[in-house]
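Got some structures for you, see below.
Consider the two complexes below, in which chain A is the common component and chain B and chain C are the respective partners.
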Partner chain A sequence: MIDFTRRKVLGVAAGTMASAIGAVQLAEPAAADDAADLDLFVRLSAALTGIDALQLAPLRDPLQIKRVYFKQAKSDPAFESLMQIVRANPDDPAGAAGKIMNDPDPKIKYLGRSIILAWYLGAWYQPTVLAQTPPPSSVVPLKIISPTAYTQAWAWRVAQAHPMGYSELRFGYWSDEPLPIDDFVKLKGA
Partner chain B sequence: MRNVSKVAGRASAIAVACMLSWQAPAQAPDPNTAADENPPVENCNTTADTGQDPHNPGKRVATPIDSKLLSLGQPCQQVVNTKGLTTDALANMQRGFDFYSWLTFIALNSPAEGKAIGHGPRPGGDAVTKWEALSNYRPLAAVMLEKGARPTWGTRIVPELCKPLDGPGKIVLQLGEAAWNQPFKTGPLIDQNGNYALFDILINKPMFDFVVNNGLYSKQGQERFDSDVKFPLGANPEGSEPGRMGAVMLKVSWHILDPDKDKVVIKQFHTADALIYFPGPPATKTGPACVAKTLGLIGFHIGHKTRFAPQWVWSSFEHVRNAPNEKQVATKNLHPPYTFYNAACPRCASNNTPPSPWDPPASLKFHSNDKSQVIRSTILPEAVASEVDDLNRSFRNLLKGTVWENYMLITTQWPSNNESKTDCNGAPMPTFLANTTLETYSQGRVPLASSSCMACHGNATTRHVPAAASDFTFILEKAQCENDVCGPPPTNNSVANIKRCGLADPPE
Partner chain C sequence: MRAEKTDEFDALIVGSGVSGVLIAKKLGQANKRVLILEAGQDLPPDINEYMNRFLTATAKVPESPYPPELFHGGKLTDPATVNAGRPTVLSLGAKGGPGDWQDPKQSYLIQDGPLAFGSTYERVNGGAARHWLGTSLRFLPADFEMKSRYGRFTDWPIKYGDLESWYGEAEKEIGVAGDAQEQTNHLGISFSSPYPMPKIPLSRVDKAVDAAMSGLQVGGVGLDELQWRVSSTPAARNSQPYQDRRVCAGNTNCIPICPIQAKYDPSVTLAEALRTGNVQVRYRCAASAVEVDETGRVSGIDYIQFDGDNGPVIRRGRLTAKVYILAGNAIETPRLLLMSKSERTPDGVANRRGHDGVIGKFLMDHPLYLAWALAPRPVWGYRGPLSTAGIEVCRDGEFRRDRGAFRIEIGNEGWNFPIGDPDTTTVDLVNGLNNSQLNKDNKALFGPALVKELNDKLSRQFRLGFLIEQSPDDSNTVSLSATAKDRLGLPRPRISYNLSDYTKRGLAAAKTTATAIFDAMNADQFTSAPPVDDPSSFPWPSGQMTRLKYYGAGHIVGTHRMGSAAAASAVNDMQQSWDHQNLFLVGSGTFPTVGTANPTLTIAALCLRTADHILHRVLN
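Right, the complex of A and B next:
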């Protein structure tokens, strides 16, 4: 299994930025079942990443990055099995996350890790590659999920930073002290 | 088993919370500056896009789009609600902002003399509009004067060379690079007659007064100014506090019309008789020179700083004949003539910058046969585009028979999280917005590279050294040096401290 230290995550983030960025796809309205699954997916994501669900998917959310990651995860063959675990624990996303991360089926277990990496790095790492034994010395993502995903990767905010070439702070911010970590990220349940 | 009802319950709770948070105070108008620079407004238009259904208190119904809306005045602030015609809070708010944009457009384009829009003396009810009257708005060239001189509100500046061509009702459009070159120097826009499109920027009196009272009209004045640049906010009346308009800035685009050759289409445009002044180097390669032209309005941007939108509210309008959209081109559903698209040349490269040199000659004719082949890119979320289409249909129908029926809203960009500390642009909704006449070459959906009013203007600075945020306007960068003497920058004694969004004293 790949370990996710802050240094490694940031190193991978920097490395993936040079990768090709795919075309934007605007979110399609979800069907009713999809909408319910999307809600569960966000709560699962909060449990997996440790970041508050309202930060991952704000109430007023122009970017709708949750839909982008949901669509990406849904394209994986193990997604339905993963969602069955979440649907069986609708009020206990942390419990569902624990089951997924320790699932005996590597397809489910490593899809859970791919979802974590998607939120933190904006890149899609194929579960089959993450599951390789022995673990590869370095893992190259399949792709940056979208230009928006590039800008929204949580690794940057956890580091009180911003992706290369894209900042939402004001001109000259580099001469000021960094904002406190609490301004960037709110941990789940905090 | 899926627990859909619990999900729905959570969604309802979220919707209520959303409405409450939007109505929470974010940045109150400053009463100290309000007295001088942001005077009370008696007739703020506070019409919302929806109201409560009298027969069903839990339901909201659309405000009728009828003639009553034509004379209610300009909104001092948006009135939006998470509840509306749909179950989607964001969509309901977007419609509220788009409704606000149309009300603002109607108010600003009403005749300066005071009648309702479309009731002016010219064909199609056209008239000199409120924003073209010097009593209401002032062009940027008449704010940032030569030698950093202090401007005076209301005075009309006519260059000597233009005086022989002057006459009643004529506007003066002084050229600099920003008057013909698009943002980030991406190039000029050339119409199908081979003429340059022209751009101008104007500001209202509260914004002008803030500039003048703080000495921001010269480079040295900006260097001396050590506070945060915070233009006054627009706000609706609340309790005993009167409404105030706040800062409004406009960016307009024109194309040249020939009253004889274009006599068929000219009646579809709001027009202005203009004196176009080329100051000469360094502002323009041509000149000094002055030419008289008839101009037709093709684009209209409104930026309005309001309560709950300290990142400003950005409305963008266009003439309907500017260019077809991608879908119309793909399905060959074209309705020529277009000002910036040749329907007879489907293989012409689209949205390309014309070949250099770009500086316009006094004829304002482009040097070669190249003409812009503009297509409106699909950049808005489909739900937003559809909502705006519906609203445009209703408002254009309301304006039928006037020149104003030929204008459409592209949409409104607004801060969906105006209090964010780490996204100083306030999470713009929608993320991208482009006007085909003002951001022709930066249409798209690539963060930072594609047109977004707020993401772009959020980078604007003053001429202070070191640079300081200028509150979402580039106008301060146009300030000139006092008496043409640009001294060395002052020593910066400031120390690093925590600033949020460039402000030492952020709004709480």
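Right, the complex of A and C next:
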């Protein structure tokens, strides 16, 4: 009775989103010499998050959330060091991700974690806060990166759900089982 | 102060919440001239302004979408700098920490304790019902008769039968989706008219809880013989198009804001009231005093009009009408009455000079016990309205002689309420922490392993909320702070609040029941004990080290109670002041006892009844 299609569930209909959110925040176009880094950043993000790069940054990508996270990550002092690892492994983002997540330099490791959390939660958790010891009982983000970042956050899709306050489904959908996890999240390399 | 020429108004209403707007609409439709004073501001032209405030709020609390700003310079806004302030759950923190519940620079309410009052409200078009859930249960017949049935507290001056038809009217006015036959079958209450919309379907979480009901046994709390069952919750949430509003799309965000207005809020009724052409509303006008003349009738209301949440005063004036209706809420209405001290009313208006005034006394809530667990298999929370069903069959019984009753609300939002998920668990799994208790090995995951682990945990989360019937205690009070003021110079509300042993026993019974339900479901419980410095917690059993935590339910009740005689109440069953015949105090402040049903539907029913009384007995 309920019209589920994958396109509806995954919901990347830009027009709907723009009208629902009001102010879609598009980052300014990346400079030419950033383009290659941006591409590497997306591939690294896929390896870090476990989510296929074409889901993080679809070929037709009206929201361009990758640019927003790229710009956010780039503002971190350890970003250049992190990107050097990625550039050194251009055809092996999974290997680069493994190196970053095990990097002896905490600035690089925790920046990697901040990038994962940006994709999952649409929020910027400062690497310095993630690195605190002992860890705080409540880890608070610096900010929600943008309204669009919140509505594009992947943790909700990993839960086979939708961001609270941002359903694109129809009345009564909650009474049925959701589509399988594979229909929400394409695993990286799966 | 000279009164403005407003003699043309039949009624002056303070507050544009659900009480005020329902009465305004009914009077306006009968060609009575009505003026509403609202201390807060009008809605923005586009709901996206509120949505964007919500979306970008790092702490998504009931108050997040709405003005005035909760934060200033990285700290909670000092309420002394705000013209019309409001409480927030962010200022329920431990003493000395962020959001210190007793720091007047962080908390609008001046909380004397010994325990914290946890419920909040809004001062904006629509009032507290801007961030309500939509639950629209009727009170049970026994809820009106606690004294005669169980020897506890007091009876209402009306019974269920007096209100039954008004419940039906209220369900149409606010648009309730529900199943009357199911309510009758499960609770034994009568309905003379069906709900205007069919019920909201149950969620997967509801069905998982329901599947365990047949095998459930709860011992020792007076529920041994109960036939347990899950009931769909009647809610003011569209299951089909209604009042030109859309059908619910399951945004899982009723609190704090429905992005598509599928949930009723008072601006719906206010718009209808304004369309009559007989109703006006003035925003950013805070009522500051109620004046009484030598005959004992209210003769005017003083107000302060201001510019912006933190801007200057524009005007001070006095407004007059034939009838005055205070429809603030059970904190702001007694505050206004107590601010209205004069030679004629030395203890405040409607507070019975020379008698035991009750204004501000008997403050109640539904202290909420929260319990959370992982189901053995996915139940897929974070989907659907925040709650679609509950357990209602435990709301009444002989046990009410001994302890507070409760209803059980089944949550559809995973562990969002208990621990702020999905954020907390996601951060745990990425950063090797265990604040969620779901990452005991402190794994720091990435890649596909992260997706799999997070999916497994989030899809099995669910929670239960127990709304406890609180005893009416005259020591739980709203009074005026002697020192703390808002930016208009008006004294801020001072709250003295505690839970009686009757209420605490209700919370303890909730804990027992939660554990039994989780056991019957083979679910792993993760409910955590509160820290010792949590002001919303207490040791239980008394004198032991173990503690129980409660939350505010957002149900502010009881501070200008109704009664059958003037001696022990502020208003009669028409919510009309005993002391001042042209003054009505409306809303959940008039409830003598709180029952277990969320109060809004009963507020609406009482106010429709009061509007009818005003039209036919007072203004005719």
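Throughout what follows, the second predicted complex is superposed on the first by the 165 of 190 C-alpha atoms of A that agree within 3 Å, B and C clash if a C-alpha of one lies under 4 Å from a C-alpha of the other, contacts with A are read in each partner's own complex, and residues count from 1 in each chain.
The working rule: a contact is a pair of C-beta atoms (placed from the backbone, for glycine too) under 8 Å apart; a residue touches a chain by one contact, two chains touch by 3 or more.
All figures in this text were calculated on a predicted structure; none of them were measured in a lab.
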- Query: Does chain B (first) or chain C (second) touch A:P62, or do both, or does neither?
  - Reply: first
Quiz item: Which holds for A:P147: it touches chain B only (first), chain C only (second), both, or neither?
Solution: both
(message) Taking the superposition on A as described, I'd like to know which of chain B and chain C A:E177 touches: first, second, both or neither.
(response) both
Larger residue footprint on chain A, choosing between chain B and chain C, goes to C
Query raised in the report: When the two structures are overlaid on chain A, which partner does A:L117 contact: first (chain B), second (chain C), both, or neither?
Result: second
Q. Which partner does A:M164 contact after superposing on A: first (chain B), second (chain C), both, neither?
A. second
Quick one: classify A:D39 as touching chain B (first), chain C (second), both or neither. first
Chain B and chain C footprints on chain A meet at residues 21, 147, 150-151, 165-166, 168-173, 175-177
Per the touch rule, the chain B residues reaching chain A in their complex are 1-4, 6-7, 10-11, 14, 17-18, 21-22, 89-90, 93, 381-383, 416-417, 421-425, 427-431, 445-448, 455, 458-461, 466-469, 496-502
Listed in rising order, chain A residues that touch chain B in their complex are 21, 24, 26-27, 29, 32-33, 35-37, 39-40, 58-63, 87, 90-91, 147-148, 150-151, 157, 165-166, 168-173, 175-177, 179-180, 183-184
Touching chain C in the complex, chain A uses residues 20-23, 47-51, 94, 97, 101, 112-113, 116-117, 120-121, 123, 125, 130, 135, 137-144, 146-147, 150-151, 155-156, 158-162, 164-178, 181, 185, 187-190
Note: in the complex, chain C contacts chain A through residues 46, 48-49, 51-52, 54-60, 201-204, 239, 247-253, 257, 259, 378, 380-385, 388, 412-414, 416, 420, 422-424, 426-427, 430-431, 433, 435, 444, 446-451, 454-455, 458-459
